[in-house]
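In the two assemblies presented below, chain A is common to both, partnered first by chain B and then by chain C.
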Partner chain A sequence: MLWVDKYRPKTLDKIIVHEDVAQNLKKLVTEQDCPHLLFYGPSGSGKKTLIMALLRQMFGPGAEKVKVENKTWKVDAGTRTIDLELTTLSSTHHVELNPSDAGFQDRYIVQEIIKEMAKNRPIDTKGKKGFKVLVLNEVDKLSREAQHSLRRTMEKYSASCRLILCCNSSSKVTEAVRSRCLNVRINAPTEGQIVKVLEFVGKKEGLQLPSGFAARIAEKSNRSLRRAILSLETCRVQQYPFSNNQAIPPMDWEEYIFEIASDIMKEQSPKRLFQVRGKVYELLINCIPPEIILKRLLFELLKKLDAELKHEVCHWAAYYEHRMRLGQKAIFHIEAFVAKFMSIYKGFLIATFG
Partner chain B sequence: MAPVLQDSQPWVEKYRPKQVKDVAHQDEVVRVLTNTLETANCPHMLFYGPPGTGKTTTALAIAHQLFGPELYKSRVLELNASDDRGINVVRTKIKNFAAVAVGSGRQGGYPCPPYKIIILDEADSMTEDAQNALRRTMETYSKVTRFFFICNYISRIIEPLASRCAKFRFKPLTEGIMSTRILHICKEEGLNLDSEALSTLSSISQGDLRRAITYLQGAARLFGSSISSKDLISVSGVIPQEVVRALFAACRSGNFDSANKEVNNVIAEGYPVSQMLSQLFDVVVEADDTSDEQKARICKKLAEVDKCLVDGADEYLQLLDVASNTMRALCNMPEEFSFEN
Partner chain C sequence: MSLIQCCLVPVDERFAATRVMLDEEDEFFSLKSNFSHSKLKTRPSSVPRAEIRKAKKARLTNSCTRSCKESSGFDEIKRFCEDFNEGFTGFKIPAGCERSNKDLWVDKYAPYSLEELAVHKKKVEEVKVWFEERLRNTREEFCNHVLLISGQAGVGKSATVRMIASHLGATIFEWNMPTPTIWQEHLHNSNSGIRYTSKLDEFENFVERIRKYGMIPSTITGGSQTSIIFLIDDLPLTLQTTTHVPGTELQLSLQSAGACKVAFNPITVNSIKKVLSKICREEQCKVTADQIDLIAKASGGDIRQAITSFQYFCLKSRPILSLSFSNGTPTYSKERSHELNRLDDGFSFPFGRDETLSLFHALGKFLHNKRETENSFALDKDAFVLKERFARLPLKMDAPEKVLCLAHGQARPIADFLHENVLDFVSEEAIDDASVVASYLSDADFLLASLSGILTRNYEAENVVQSAAASVAVRGVLFGNFHPSPSRWHAIRRPKLWQVEQSLWHNKLEMVNQSCVAYNGVSLSNLSVIATENKPVLKWLGFRVSEGLEAPQVLMQGNVVEDKNFDSMSLDKKDNDTSDDEIEDW
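Then we have the complex of A and B:
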């Protein structure tokens, strides 16, 4: 088992990083009632952990016995019926799913499953909650129609069904949905908090952490706790006992982008652009999301640029990322950004050095 | 639907006014509708206005008051965006429902006029085709059916439909009205709300009563019966003013790296960027030592970025773009890029 899963806190009391949030959530569910919830925050900040712990708090250990199901729905959409398949994770008390996996048909999923759940309402006996919980992941990736159809459904079936929504950025969730939920912001843990967790994991595993080692991992982790624990485990596999100045291996795709950045800085020519294209393709084939590539590339380039160029470059990065979102093929837009950068940089070099 | 447990109900539903006369602040609408109740005569209606001003509440209340609980099921068809409302539904379900004639006659103290009501909630999310298909249906069956359209943006309702309806605009609630409602709920629920928290609540909910009540319930659940303005801010998702000011100050300093750091911080803290933009906008507009031209430059960019965010662009890059543009405006750097060709 990976350490990330092994040391995932199971109950709200054991949560270290977002203690205050956890305590508040506990207070929230000790009373019978619980509103719809919307968790938002950057990845690796502990949203999922909190949700799982919250479910356990509500329903007891029963919520942890989950089974994976491949469900199919037959949806009647006017003239034709649509067959939908989706993987769900469910226990007797909750259902968890990724509606964005259904692509553009996500609104049918949202409507069907909530209605289905509302029909099979659990009997309200003593000590048991009279509602089920539906956990929807990545609501920010839901289409506008699906979000629209969520809004009234949420109100209508609120007696028998509670929604827990989870997303990265709440600006992509419509105002109407947000205003129907209790919003819980989960911030990324600070480096200090990450160090604390790493030391905790180290102690549990019986590791000797040299002083400053955890701090270095935390610094490299971009404030993502998951990544920090993963890289601690990587280091453990690479070399143990840890030496004081052991290098923390960067992700290989990051190194690759670093190479691309230095390639671009060295030479600005169509030939170089062609080479870069090959490298970018390589990254895309390995399933690195294009916006992550663009962001990282910008980050690497910004490190090497003069202040006056930075404004210009970051403007174009934002511009091409937006175009990428509207368009279909990511490679065009990444390449356009690289070409733009080359032209700007060349212009700058000529203006400065003649 | 199974009977609802009183205590597990959202307050928004619990305190939804049951009668038209209880709807707050929409005087003209209430006057017209009370008249309707007396004469049992009503036109097609179109309710529009910002969210949380009582449109759905009014429509439901009048339907209930006209028909009473017994006839309600057979006389009222309520469709909203969560139901399928494509052109097919309009042609079959709505048309079939509209075509049935009904008798009149008072029953159990309710007027029960000889027509049915179709409530189309969130009508602005209907497709144009579906709206077009409604046009003739509305006229043909106007003897036996009344349509209530509810929407946020009247511009999304096609003109032929809008012209067939009596239009009612729902105004955003004023602070005073909102306070009375909130205080009423506080009294019912046994909450303790000081005056500072009350005014915070009114300002962060911006005239949207539903939002105010949701925040109130959230805060009450999280923090118990006595609520301060800080608690309300933390449940509402409003960004603390210090964070916005820090970003603005970093832009003013003219140092790109420090602005970049602030932007990174905002993203890592998980603040929604769209919220950040609107609060930054407030700060920019209120700033005294900034010239109008600078403000214009900044606001133009804010608008562009807002559109990009709606399209789904990356938050970090867009906010960085805003920060860089703001910095160039504040430090009077040229608007055009020097190396673009």
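Then we have the complex of A and C:
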């Protein structure tokens, strides 16, 4: 088991990083009925950890007895029925799913599942009608239609069902949905907090962490706690005892993008563009999201770039990132950005060095 | 008695179905060379040697079905004899077709001598020499008695062989493909108790029969050494089996087995014109030379089609559309494109083949980006003057949209193909051009995506957007590629993107199945998190959580190798499809 999972706090009391949030949530759940919740914040900040701990707080250890189901939903969409296959994870008290896996038919999924959950709601010990919790991941990737239907169902079934939404950016969640939820912002942990966690993990594993080493990992982690713990584990495998100047291995795809960036800087020609395309294909095949590829590529390119070009390059990156989200095939847009960059950079080189 | 076998094989390169099994074919060769005396089956299929395709086909199917239904031996033999009698009364006039024949000018003015053939003299000579050699010499000297004639429809392949045969006094036995039995038909037949015989068996029977009985008339007529020519039409269809071997491969394997190959070119406009004028004289139609010229050009080298449309044209005594030729146009290429344009515009013409382009042909046009060397519109003062960097020379082709229409190109595949291939055609220095092209392709993709995913589809709007996207992609490529790389042979690749998408989809599915492995299985996690963080670390740590994880975890290098194999496998055929000269030709 990875350390990330091994040392993930199970209860709200054990949470180190967002202690205040955890305590507030605990109070919220114990003292009164829980509203719909919307957790948002960058990746690796502990949203899911909080949600899981919260579920445990609400339902006790029963929330951890889950089963994974790959269920086919038959959805009646007006004139025809659609079969949707979706992986869900459910306990007696909650259901969790990634509705965006359903692609553009996500709105049916949301409605259908909530309806079904509302039908068989559990009865708790006091004979009161209890509620079930539906955890929806990646709400920001839901289509607009799906979010609209989510709004309706939230109102209609609010008696029997609570929603916990989880996303990276709340700006992509419609205003209507946001206003119906208690918004909980989970900000990225500071480097100090990350160091604290790393030291905690180190102590549990019985590792000697040289001073400053944890800080270096924290610095490299881009304020993602998950990333930091994963790095710690890879370092442990790479070399132990740790030395202070030990290199922290980057992710393979990051290295790959670094290579692409240096390829681009070295030569600007259609042939090179073609090679870059091949490399981007490989990243895509390995399921690296195209947005992340583009972002990382820009990041790597900017590091090597003259200040006067940075503005323009950023502009085009933003332009093609937008295009990519609107468009269908990411490679067209990533390539367009690379070509644009090559063109700008070559022009710049010629202008400067003749 | 010398026995000449010749297979005339009009492998119709465009339209022929292309399923042939090689093994079967070898068998088929040995069958001919060994002449094993197997038992003669008296099951008749027709011994066809009719002349017009339509008529013979009708008759053939007729006799086939009849022969299946009736099984009385007498009838069989009777028909068998009939067929033979027909065969010996001269190969031109099968009974029953006579009347209708004369209505069709194609048959009425079919060539009666070698001189009349519209085929190029040299080709005729080539075929004739081949026949003569084999007639003169004994069988032992020439082991290959197979001549393979290829060429598009209506270039006079069959006519040439018939003419030569009659010139040399040889008898032709023509094998026509019986209509294939479809499965439902087969079921129906077997229910009604009719036995199915494979087409290959039928063919063997045919050969066997000719061998045994073909000689009889020659002995009757006094022992003159009549040679026999087998004419096998539509070879790929004849040997239709389940294994996939393309028609070109069939040709190759035939050649490697020792067949002599003669390729017929489309008939030249002048030859067609000559034939048409002759018909015109004999029929006394009032048709001007220009009109004949136009019909000849519209036929695309297919003389059968030219004559038919000519007849149709004369039938309708309506005046042809304005036909005056501008004699002032200087270059041939211009004149030609000019005329072609007019033909294309003239959908109102009552004749002419519907020209279609293959997708690859169209792609080749777009990618090679052939342009005139000088701008003829430059002198036009009223014309909107563009800045120099936006100005392009006129295209050496029709409007891109028209080409797309001819090629039946759909926006998505067109964009994918262009995207895959365009960089090869951009000059090595011109990254700016590449960037322009890429940005247009990005626009096209954006247009294509804008309507997908909406469930209540508006097909009309979608159509418009689709064609707009295709137009943007194509014109973007044409405009952006300002400095095309010097023309050389490029293979057009299949978009790798498709394959990438497939493996991406596959990997994603695997990942969805694993998505609960993280978080100790108590929660689902994002795909992107798994892909970007968990998987690389797991790979790094070198331990696998489960077997399921291993499968999609193909290393990057692994993927590449796999891809390459995949590509070369599936691309072989398509690569052949597009060659430079094909494009130049146009």
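The criterion applied here is as follows: the second predicted complex is superposed on the first by the 348 of 354 C-alpha atoms of A that agree within 3 Å, B and C clash if a C-alpha of one lies under 4 Å from a C-alpha of the other, contacts with A are read in each partner's own complex, and residues count from 1 in each chain.
Please note the rule applied: contacts are C-beta pairs under 8 Å (C-beta built on N, C-alpha and C of every residue); 3 or more make two chains touch, one makes a residue touch a chain.
Just so we're clear, the structure is a prediction, and the values are computed from it rather than from any experiment.
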### Task
Once the two structures are overlaid on chain A, check if chain B and chain C clash or fit side by side.
fit
### Message
Contact-wise, after the overlay, does A:S269 reach chain B, chain C, both or neither (first, second, both, neither)?
### Response
second
### Query
Which partner does A:R227 reach: the first (chain B), the second (chain C), both, or neither?
second
### Query
What is the contact status of A:A339 with respect to chain B (first) and chain C (second): first, second, both, or neither?
second
### Message
On the A-aligned overlay, A:L326 touches which partner chain: chain B = first, chain C = second, or both, or neither?
### Response
both
### Message
Contact-wise, after the overlay, does A:E282 reach chain B, chain C, both or neither (first, second, both, neither)?
### Response
second
### Query
Which of the two partners, first being chain B and second being chain C, lies in contact with A:S143: first, second, both, or neither?
second
### Query
Counting only touches as set out at the top, which of chain B and chain C does A:H18 meet: first, second, both, neither?
neither
### Task
Using the touch definition from the top, say if A:T87 reaches chain B (first), chain C (second), both or neither.
second
### Task
Using the touch definition from the top, say if A:N98 reaches chain B (first), chain C (second), both or neither.
second
### Query
With both complexes placed on chain A, how many Å separate the closest C-alpha atoms of chain B and chain C?
8
### Query
Just which bits of chain A does chain B share with chain C as contact spots?
77, 326, 343, 347
### Summary
Given the complex, residues on chain A that touch chain B span 24, 27-28, 31-35, 40-42, 45, 77-79, 111, 118, 121, 124, 130-131, 145, 148-153, 155-160, 169-172, 175-176, 178-183, 185-188, 223, 291, 294-295, 298, 302, 307-312, 314-315, 317-319, 321-322, 325-326, 343-345, 347-348, 351
### Query
Which positions of chain B touch chain A when the two form their complex?
1-2, 4-5, 7-10, 12-13, 51-52, 80-84, 86, 88-89, 121-122, 125, 208, 210-211, 214, 217-218, 221-224, 235-237, 255-256, 260, 267-275, 305, 308-309, 311-318, 320-321, 324-325, 327-328, 333, 337-341
### Query
Across the complex, what residues on chain A touch chain C?
1-2, 4-5, 8, 43-44, 48, 51-52, 64, 66, 68, 70, 77, 87, 89, 96-98, 101, 104-105, 135, 137-138, 143, 226-227, 230, 233-234, 237, 249, 251-253, 256, 268-271, 273-274, 277-278, 281-282, 284-289, 292, 320, 323, 326-329, 331-333, 335-336, 338-340, 342-343, 346-347
### Summary
So, in the complex, the side of chain C touching chain A is made of residues 415-416, 419, 423-424, 426-435, 437-439, 441-442, 444-446, 448-450, 452-453, 455, 496-497, 500-501, 503-504, 507-508, 511-513, 515-516, 518-542, 556, 559-560
